[in-house]
């Protein structure tokens, strides 16, 4: 049985003439949390944004190699990046709700792509419940999302992504702009979500990676240095560099 | 301090003082010039303005009566210019900010916009005459005048729209696209609604300009006197700026109509600056309430 | 695939809209040439540009626009001489010296000045400034070069001032701080550090201000006096090109030589302002202020 949902095969990525990722070959396991760690500028966020083709938005970038999602190369010429993004959702570093009501933030994606149109209220409720935000906002669904706290906004963004019923959820340092209590809530939430979703999370917080992930990949200057079970990486890494990083000797 | 403040230091501060005086004087001269102009207009114009002046047509070979047809004509021409300039300008700006990649084509378009912005208003008038009035056979009409004014303010509207579109945070676009919403839907549902207040306030300054322009409508739309109000967009109209010009330079009795001239100037300034003021107020309000 | 096709079509529709400015520019050129060029089958380009006599309604007419060109250049030049110091100094005041509340007032003043319709400024020059000037200096007419230049300068000041202000504002803070740290006075910092760093932006501002002045119609039409002769003093009347077009177009028969000559003046005017704008564009791109490293 093949449980790898995304497979990378010799992926190189360039910003103009600069190579940001070198020969990355790795697989992401279905319904697991995979953490991407490494010092700033190591390419972990770049890799994440490759997986749902968000880097397409940046001029002058180029991808080599294959990225297979459910055994189909998402960079093949006949693949629509918009379709890919519906199946692979994303949560960003800073909470970025739209300046709309809470309800409309959630219904925005489904409405425009024709999902769940028959029962939008149920979809909104389900998504907010999944993101453990429902009880806090159920009475203010028609208030602006901008009035929520940072932690609530981030869970709203997660709910917004979940409303599209994606297979994979990409998270780009989702707690780096939040306070410790909100961070804890989001971490609990991730634990909950991995039953239904494959989660790939970029984090610069070592403890967070250790706490929430099943697999961990360590990147350094555009290279994948080590990729293994989180337990193994944090207790007995194979590579010296990895050990230096996680014990805080650099980074 | 006593030690340092020697002669050379005194000289340096003297130069600075002299310079600051010049700088303040320039600011004062500009302010006084504007103040003087506004004062003269108010001083001479206010006594003329009354309800009849604004709502009645001219009488007695333009020497008496009101200026209602000219006000109406200016409103028609300005609305026409907005109808042409605003959609075209916003669409241009959307291409330039949302779709175009830096390169020769974009550079070419931008130089074109800059050149268009620099075309003198009287040349716009010639263009309107040669193209709309004669070649397209619209005649001297609201349509020809509106088109001419609409293209005149196009660069202003493009500039304002580009700025407003650029100020919409990139994270909004990313969030929408990451949900699998297509690019044009993202533009229409997220980018444009958030940029619209900015686009409108920026464009209003151009619209004020359209209301006050004379040369572009002289040969394309404006009439010295029309017996009836316009009934279609192929009719000629009276317009405030042209009314001022004609009464002041070629009217039947220049001295006798002086009060009417002042009154018309006051109404035109009120209209144009009123339009600008709306923009300034909205802009201030938006800055206060901006959430991103 | 259908969705993607739609996406591409939408993109190209926006692209077509963005060409509107280019198309209009092209149509302007075409219209001017279509109506203006036939003149040159009767009058040579040399006689047109350098002819000293503009008698379009005489029999036989003569279409020399040299006095009009001189008229345009002289009022533009004088207006620039007035507007540049005032505009640039006001910009320096706003961006470097003025306290916050005065800054806001002055910026509104300049915005309001920019908003005044040209016909209103022309009216002011004609009805207020001209009689005053005539009386005070005992002149034959108050409608003359000096008067027109002052009013034109008022029109150019907002352009010059606001673009200069942007340029000054863009000078990196570190430059100023470095200069103060060396013990320079505020004036020395402004004159030796800030102004040189902002020079390309200020040059652009001046070019655009001049382009504005040379193309301005209503002011020169109402205030310059209208004499189509080479002026001998600054208190003489002149007839700049835009004034000639605006004043005469109404009275000339359709597609007569005179009508064609007015369009030909339009071509000259268009080329002149185009040149000013292209130079301004070139200057602002060539010597772009890019933070540090440009000094």
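Note that the chains are named A, B and C in the order they appear, and that numbering of residues resets to 1 at the start of each chain.
Everything below uses one rule, namely that a contact is a pair of C-beta atoms (placed from the backbone, for glycine too) under 8 Å apart; a residue touches a chain by one contact, two chains touch by 3 or more.
Predicted, not measured: the structure shown is a model, and the values here were computed from it.
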Max contacts between which two chains? B-C
Reported most central chain by Cα centroids is B
List the centre-to-centre spacing of chain B and chain C in whole Å, with centres computed as mean CA coordinates. 16
Once you find the CA centre of chain A and the CA centre of chain C, what distance in Å lies between them? 54
Centroid of chain A to centroid of chain B, CA atoms only: how many Å? 48
Would you pick out the residues of chain A that each touch at least 2 other chains? 82
Of all residues in chain B, which are in touch with two or more distinct other chains? 182-183
Chain C: which residues touch two or more other chains? 3
Interface with chain C, chain A side, in the complex: residues 78, 80, 82
Residue ranges of chain C in contact with chain A within the complex: 1, 3-4
Counting only contacts in the complex, chain C reaches chain B at residues 3, 6-7, 10-11, 13-15, 17-22, 24-25, 27-28, 30-32, 34-35, 85-87, 89-90, 92-94, 97-98, 102, 105-106, 108-113, 115-124, 126-128, 154, 157, 161, 185-188, 190-191, 208, 211, 214-218, 221-222, 242, 245-246, 249-250, 254, 262-263, 266, 269-270, 273-274, 276-278, 280-281
Interface with chain A, chain B side, in the complex: residues 101-102, 169, 171-183, 185, 189-190, 194, 291-292
Show me the residue ranges of chain A that touch chain B in the complex, using the header's touch definition. 52, 54, 57, 59, 82-87, 89-90, 92, 94, 96-99, 108-109, 112-113, 144, 146, 157, 160-161, 164
